[in-house]
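As structure tokens, the structure follows; a few thoughts come after it.
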Amino acid sequence: MVIVTKTDATQADIDAVVKRIESVGLQAQVSTGERHTVIGVIGDKTLLGDIPIESMSGVERTMAITAPFKLASREFRGDEPTVIVVNGTKIGGRQIPVIAGPCAVESTEQIVTIARLVQKAGASFIRGGAFKPRTGPYSFQGYGKKALKMLQEAKDETGLGIVTEVMTPHEVELVGEYTDMFQLGTRNMTNFYLLREVGRAQKPVILKRGMSATIEEWLLAAEYILSEGNPDVILCERGIRTFETHTRNTLDLNAVPVVHELSHLPIVVDPSHGTGIRSLVCDMTKASVAAGADGLLLEVHHDPDHSMTGDGAQSLFPEQFETLMQELKPIAVAVGREI
Amino acid sequence: MVIVTKTDATQADIDAVVKRIESVGLQAQVSTGERHTVIGVIGDKTLLGDIPIESMSGVERTMAITAPFKLASREFRGDEPTVIVVNGTKIGGRQIPVIAGPCAVESTEQIVTIARLVQKAGASFIRGGAFKPRTGPYSFQGYGKKALKMLQEAKDETGLGIVTEVMTPHEVELVGEYTDMFQLGTRNMTNFYLLREVGRAQKPVILKRGMSATIEEWLLAAEYILSEGNPDVILCERGIRTFETHTRNTLDLNAVPVVHELSHLPIVVDPSHGTGIRSLVCDMTKASVAAGADGLLLEVHHDPDHSMTGDGAQSLFPEQFETLMQELKPIAVAVGREI
Amino acid sequence: MVIVTKTDATQADIDAVVKRIESVGLQAQVSTGERHTVIGVIGDKTLLGDIPIESMSGVERTMAITAPFKLASREFRGDEPTVIVVNGTKIGGRQIPVIAGPCAVESTEQIVTIARLVQKAGASFIRGGAFKPRTGPYSFQGYGKKALKMLQEAKDETGLGIVTEVMTPHEVELVGEYTDMFQLGTRNMTNFYLLREVGRAQKPVILKRGMSATIEEWLLAAEYILSEGNPDVILCERGIRTFETHTRNTLDLNAVPVVHELSHLPIVVDPSHGTGIRSLVCDMTKASVAAGADGLLLEVHHDPDHSMTGDGAQSLFPEQFETLMQELKPIAVAVGREI
Amino acid sequence: MVIVTKTDATQADIDAVVKRIESVGLQAQVSTGERHTVIGVIGDKTLLGDIPIESMSGVERTMAITAPFKLASREFRGDEPTVIVVNGTKIGGRQIPVIAGPCAVESTEQIVTIARLVQKAGASFIRGGAFKPRTGPYSFQGYGKKALKMLQEAKDETGLGIVTEVMTPHEVELVGEYTDMFQLGTRNMTNFYLLREVGRAQKPVILKRGMSATIEEWLLAAEYILSEGNPDVILCERGIRTFETHTRNTLDLNAVPVVHELSHLPIVVDPSHGTGIRSLVCDMTKASVAAGADGLLLEVHHDPDHSMTGDGAQSLFPEQFETLMQELKPIAVAVGREI
């Protein structure tokens, strides 16, 4: 259940409602939007008994949330989308921020070079893997802490925010010292301890959709993070597993309008992993923007043939990325956005 | 193998090459493009032995086609896309034609009303099922020939071209008397006798992707039609079957750039069946255009709640369709097209 | 709705009920089992109004069928499984008949040789394609009528029943002159005109599951056949399409107990297509019997490396088939059956 | 590459080979089978240069392993299957051990009651979740350490071995104090830190297949565990995600013979999760044994309607389990096994 407050509700009103809820053993989660504050009630609602919540001062109405995800549901914020500000960039607003960079951080030179190139082309964040989840144990697993420091240098040089993956609860603290946003990969969408741990961190989380996760399961994974107190979750569609073998994954752009209908959380799209083929990335990025994506994740590498992860095949060349950024502008405008 | 002719090759040159090919028991298929004529050689190439095809008059070069689909492959037309003209409208060119209408033809009044509305909004074709493939035998199966006549009335009133489905070889002739383009539905993509029969007809064919067909299988189905002599095949992406249950199908927009890479055939997109949910159709139509779709199939119904097929849930209201058509214009321009 | 009659209901009782149903414009379908006769009522049940069917002579009870498939539902025959007798062999009873043979009929010698081998090993039917559905137009499409005659010779030599595929409505008559059971392939499960046409034929039909058909859709396809008056439908699980690429298809044995729960129709299993790999066929055949399969379809070829369809890779050698037949016996006994 | 030693190779021979391998900077992993010892060489084989390994004392032959999984590949153990002994029970041998119990440990009384019942019926291990991975954060997450102690009581009472899930690296030590085998759930198959951590533990690991993992990816996940030095990995097929909605998952029994072909590791089957429906479990368990399963995981609950996890719908009643165990015996014998 959520309690929507009046626009003129005072802090005292809200505190009183929260106190009342907690007095019967329920948990209250307060979410402050531009238009009104929403108080989520978590637990067995029958405990509220006959308490006349709707007639308390400052309360406009109460609403049941029927979806299994509560805090992630659109109703929870009274239809107001979540906007997250990271390193000076808004995610979820009119602007469509772009997160670009190589699959893995390979050297300071590599990451700084790419950071400069993508910044020049208009990206707001540099991405690059320090800890890499790999299908087999003998593949390159990332340079770890060394790579985090290289990302820091790239940030120092360019001012770009950092996005990098965290793979296990006990590295959340370490990765959090460097990154501006945590990335949780497709293989960790159901790593529930990790979800909870980033839920207790103070940084935004990009939550990639599991390879075969339904949208409902994905929003429930987001709910794990939200329910620990971290409201800044950004969903990322990165392709699902289907029978089709021509593309590496099947980028499911339907997820963009579906998420916008079901949730207040922003959703970004990763056409690089979604297709796995460089020549398809630009068209699918344009389609992502047209579908309503709130941001983009793109692999860019200045020397993809020598990439250490084998993901070079899906990386854009810097000049392609630059052209793409220009071509996206009129599409963004056509759907009421900017890039 | 294909033989690409010089731009100044004469008809006599071409005839001589064809004759030479047929003289060793192979089949030749001639495709005339704007830039050059391409002669496809079908059958066991070793029969050509030492015949010096490349030194014959008018021949520029020969090329092996490694894809299992030959006539459908991009190489077959020397990288020149196929443009099909139907009822005065070009498909596969700069313009993005729109095919709109109800799932099923329900009455003359219904189809004429909708035809007028979609024409006003900018559609070039009216669609509507006369023969309906239905999952179960007790569902409404379409009004058949009566419905074809209603479509004719809609065409007479508006000048719109007709697109309607044909379900079995022996109805190709009947449906062909009325329709401007045959539609082959997702459930008939592997109805090989039907593919061959429309391959022998003189009208363009919209070939919907099978629900779980790979793109290669789909192009091989097109090859059935092409190999019978009908060069006018238009592919239609309409959503594939995946594990996701929130949407009726998973519209696979990746298929658009993939088909453009592999084939010279135009590809149109059907976001109505691809999502199955009205509120998602507009965003996914925009995404289709941005991804490079050569045309659109959209369900529009002025009274979807009383639709006879239960597909009302995915039909746009006429006013939504009208707005959408306007909103698509700048996106089309952004990708070098017009709508 | 179905009307279950008493065990001592007379033909006159049944005729009276049918007449009553038809008098209000509904359709009655009579199914005679060993225990009782069941009368299916097709159409809008409200037309029955207050007619006291349950108090008519010979009527035991009426039952609503909530499944979308009616004649195919378990309830329709009062929980009594359908047993079909073909060429002296019962399908759906205690005995598990085996249908064996090559993918395609390649010559009289080939089919007669294989027929003798599989008969010796215990098969009851010889299978072999005369009309072959192939993914591409340039693959071997079967010898057609000539192959039907070769099958006839194999039958004349061995007494084995014939099972062969029919691909299009207008060949049902021709194929029906030779075959004992029609086979409808996975690519034709939604070829609704073909379903109806074999529904009007007087021979049993093996209906293969569509590559991505849900069990409900499959039973609805069976319903098309049943609703035309042919009660002898045998379902065949032959592998579904999934993300797994190691096997050609994913044999879904869960379908066996599910079909037994939902329907009275027999279900046979085809582990050859279901796996696509010879070395897996024996284990999966054993699993099929243990899961409750009512019959088996197996590809057997005495010279699979020279098979004309490329399906040799999944064909058992005759000696493997012979050994397998022996190994299946104790498993059949363990689940209360015989082979 | 693997080095297969002669049956009469001495420890000194083996040590010498290992030393030689390590001297060029490669890693050697020794696996001792009944017939011969196999030495796996991990790393860049070109480092071996011209070293004449094959002529060293005790060496029979060397073999390249082309599969991406090395230690998990069948060749690695010279075609000899791995047999693991846990709590006195062999897994991977002639005997088919059964692991049975409730989804979650709910109370001492519950787990001891069920342990006694399943032991009486012939199970060798009691299973029950202490730490439960749940799709949403508001579902019952297991009683944790308390539940581990309850499992210990059940073991003390019955002598059954314990199987319980571990969800995160830092709980491996705790869970390892109680369990006889670790279970890694389908949602953690790509939790690579967890794989490595159990790879460093001294207890066998049951590795469930990821919901949409290919068999190759699954074996690569096993390789993570093996490569850390733990040779005792048992694979568990538990159903994959497909388009079919009637069953909770699609139990993929093809995986059983495929794994036996590709790997030396034992594979057990979990028909309870694989189907999600009680009435299907018995048939699919029989099919699992017939397909060659090396063991079974079955949910059994004496009061499934009051199960705390909602998985009651797939739990067998104790009497069903008892009957099933009897019915499995002749099937096991038919495939050369015992239960």
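Per-chain numbering from 1; labels A, B, C and D assigned in written order.
In the analysis below, a contact is a pair of C-beta atoms (placed from the backbone, for glycine too) under 8 Å apart; a residue touches a chain by one contact, two chains touch by 3 or more.
Since the structure is predicted, the reported quantities are computational estimates derived from the model, not experimental observations.
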Selected interface, A-C versus A-D, where C-beta contact pairs are more numerous: A-D
Same-residue or different-residue interface between subunit C and subunit D, half as cut-off: same
Rounded Å distance between subunit A and subunit C, as computed from the means of their C-alpha atoms: 50
Computed distance of Cα centres, subunit D from subunit A, in Å: 35
Subunit B residues counted as touching two or more neighbouring chains: 212, 241-243, 245
Contact set on subunit B toward subunit C in their complex: 42, 68-70, 133-138, 167-170, 187-188, 190-194, 196, 211-212, 217, 220, 223-224, 227, 241
Subunit C-facing residues of subunit D, complex: 212, 214-216, 240, 242-247, 250-254, 256-258, 261, 274-275, 279-280, 283-284, 286-292, 327, 330-331, 333-335
Subunit C residues within the subunit A interface of the complex: 212, 241-243, 245
